[in-house]
Amino acid sequence: MSVALPDAERLYDALARELRPIVTPATGMIGIQTGGAWVAERLHRDLGLAIPLGTLNISFYRDDYASSGLHANVRPSQIPFDVNGRRIVLVDDVLFTGRTVRGAMNELFDYGRPESISLAVLADRGGRELPIAAQFVGATVAVPPGAKLDLRRDDAGRLSLHLEAGG
Amino acid sequence: MKIQIKNGRLVDPRNHVDRACDLFVADGCIAGAGAAPAGFRADRTIDAAGLVVAPGLVDLAARLREPGLEYKATLDSELYAAVAGGVTSLACPPDTDPPLDEPGLVEMLKRRAASRNLAHVYPLGALTAKLEGARLAELATLRDAGCVAFSQADAPIPDTAVLWRALQYAATLGVSVWLRPQDPYLARDGVAHDGEVATRLGLPAIPPFAETIALGAILALVRATGTRVHLCRLSTAAGVAMVHAAKAEGLPVTCDAGAHHVHLSEMDLAHYDAHCHLVPPLRSLRDRDALQAGLADGTIDALCSDHTPVDEDAKQMPFGESAPGATGLELLLPLTLKWARERGIALADALARVTCTPARILGIEAGHLAPGAPADVCVFDPEAHVTVSAAGLQSQGKNTPFLGYALPGRVRFTLVGGAVTYEARA
Amino acid sequence: MRNPQLNEKGELQHLLAIEGLPREIIVRILDTAASFVGVTEREVKKVPLLRGKSVFNLFFEPSTRTRTTFEIAAKRLSADVINLNIATSSQTKGETLLDTIDNLAAMHADMFVVRHGTSGAAHLIARHVAPHHHVINAGDGRHAHPTQGLLDAYTIRHYKRDFARLAVAVVGDILHSRVARSLIHALTTLGSPDVRVIGPQTLLPTGVESLGVRVFHDMLRGLRDVDVIVMLRLQNERMKGPLLPSAQEFFKCYGLTAEKLAAAKPDAIVMHPGPMNRGVEIDSTVADGRQAVILPQVTFGIAVRMAVMSILGGGAT
């Protein structure tokens, strides 16, 4: 597929710039496994956040469980701080239908009641099926319908975007 | 009615016949073989080209479920199943409901069976009243009512003193006693062979020495009383060895094995296949091999179907709660042929185990085709294979571990007393 | 013959026994359970996976504990749970086991959790139900108690990490124990090289070595240098009779005391499926001691049962 994809590292820089002014020492950051967790891991370090990073695995909240079953290799969610009353930045790699974010918010509320949740994503490819929007976006990326936009991380920790046919 | 069965291969083990020749039937008896008797004019001619013409099978154990258990099977269904399987004479164990411990029951069974004009039925009388193993049944009276021998079926006589007295009494009358050797205490609650499979499946088990301990007691009592004893449903290698030694010693014992036990083992229980819930339990592969060998060398005199029709509901239970037993009348011939082929046994020698030897054990004039013998004949295609299916079985019991198996031998015609009682659709 | 608990694609359709389960499926269940342990520590201990599904707990044999843990597991997955305690006596006359199942299936049960006194009962039910129903064996006769075997394996993995070097001793009434059979199959499938059974001959099934275990009759020799000790419950009715002379004598020979425990490795863990008979198979000082992990077993048991139900209850993967 010959669509020009932006450099994920530049998207990351843009996202980090957007977030820097709004985070405070009390901000809780949570990455959605697995791509979102990679991005969140770097943001957490680069923005110098004091509260430990959380990760969410939304396998138990997916709305396609009835048709697709439970995903193999489920890794536990870990939220090492109290979410009650906290401002939370939820991080994912690619925002598409919005179903993953919905699952993540449902799960988050089972940990407690945050004061607010804002959404930060590396790439927004459109195609929303739910009324969900990101407050912080690295870039909007046009992707052919049916293709899958994937974030990968190499051994050096560098991020890159890839397109896969089908879906 | 005169019938000529022509072009067949006549196999009559007792009379050492195995050759291509015609068989002539007149007035219910064998009129001759080879050339037609003088003045013989056949009313019907059966073309047996490519088929084996053999004596009708004699089955030493077939439960007809009458009286009392008609929901499992009836005389009509089971006697038709018998002739469909080429079985023309059968012994039925006394474990009916009520048990065959009264002459009236025996006479009724014989009368009802005879009225069907299908297979001949030879009832075994109960050795003890109600088969409870405590009080002797009226053996002389039952004999006069038509019982050919006396048995406890699968019911135990826990008290060895009672067994001793029963054998003495039977010896007095000159009747034979049929016993299935199994120690009731060692077998209590058991549903499977005590081996790796029962261990894996967590099934209460019956050790092989449940058979040999009982066998040891029976043989000691035979030695003491001289009673003719027929040992039923041997299941273990050690049991076969004991019977071999007993016969060498000259004790008046005979024995049989069930057709299922000659082919199957504990391994066939797989994932709790209740069709393999049998009495005695299917044992190890080594035991099964010993049964096959014992049958070949004559230690085991006869092979029987141990026909036990069970209703479907009674098999649709957890293994240990399911009713034991398998339907078998229609599988006796195929399973005999299968055993013969697998062990390289000559057809006549194999058929002897289900014709003349069981007839000798029963003491009946059957199981051979000499002139003058009753014309009980089984004509079968030895090359045809039939896939066992519930729909294909005439027995009311569809319970068999062999469902789906393609087994050799297809019965084409069965004659009882000179009349065609079964004829397969061509 | 296909393993009756897997579908034609080799995926878990029912959980009937550990025996015959591929290693990957066991590991997947344990890994999934690890995620559920986290869920049970949250403020809301529930996930929505089985919302709208009905789990029927069918207990033909009484058991408060196992039934409760299945009930909690199902409820934490947001399923509707229906508990049925069916006395075996009412079964024998009248409705057959499969009639009962048909009736419940007609009530749109999705999952049956079955405890039955006869070995093979869960297999029978699994063979009978339509493909969209799932059967979990919660103990059948002496045969299998697979979720117990899995939670035992989970507990061992939690404390010992790797199965490859472990020596595990299972002590007591192996003959009548579905717990022992399931654990032994789990351990041998997961690669434990040294699984031992310890007990008198009267409580060991014939040919138990064929399960891949070593047999010891002497407790001290059997416990030497083991990493894990699993004590089995001795049923009351077996304490006196032809199998054993008395509970006291059993305790003397096979009860786990601090003295006998000293034969094992210093960091050995002590497990028990519960409910314990203190002073029969285990001494209180050991049951309450620092090496006992009997209560964590219970906690992990819920997560393991959640894992099994969530893997069974979803669509095809």
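We call the chains A, B and C, going by the order they appear; numbering starts again at 1 in every chain.
The working rule: contacts are C-beta pairs under 8 Å (C-beta built on N, C-alpha and C of every residue); 3 or more make two chains touch, one makes a residue touch a chain.
Computed from a predicted model, the values in this text were never measured in an experiment.
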Chain contact graph, described as a line, ring, star, complete graph or other shape: line
Chain whose Cα mean lies nearest the overall Cα mean: C
Whole-Å gap between the CA centroids of chain A and chain C: 39
Length of the line joining the C-alpha centres of chain B and chain C, rounded to whole Å: 44
Separation of mean Cα positions, chain B and chain A [Å, integer]: 75
Overlap residues in chain B, where contacts from two or more other chains coincide: none
Partner chain B, residues of chain C touching it in the complex: 1, 4, 19, 96-98, 116, 118-121, 123-124, 128, 140-144, 178, 181, 205-208, 210-211
For the chain B and chain C complex, residues of the former touching the latter: 194-196, 198-205, 207, 270-272, 274, 313, 316-321
Complex contacts: residues of chain C adjacent to chain A: 28, 31-32, 34-35, 37-39, 42-44, 46-49, 310-311, 313-317
Interface residues, chain A side, partner chain C - complex: 57, 59-61, 64-78, 106-107, 109-112
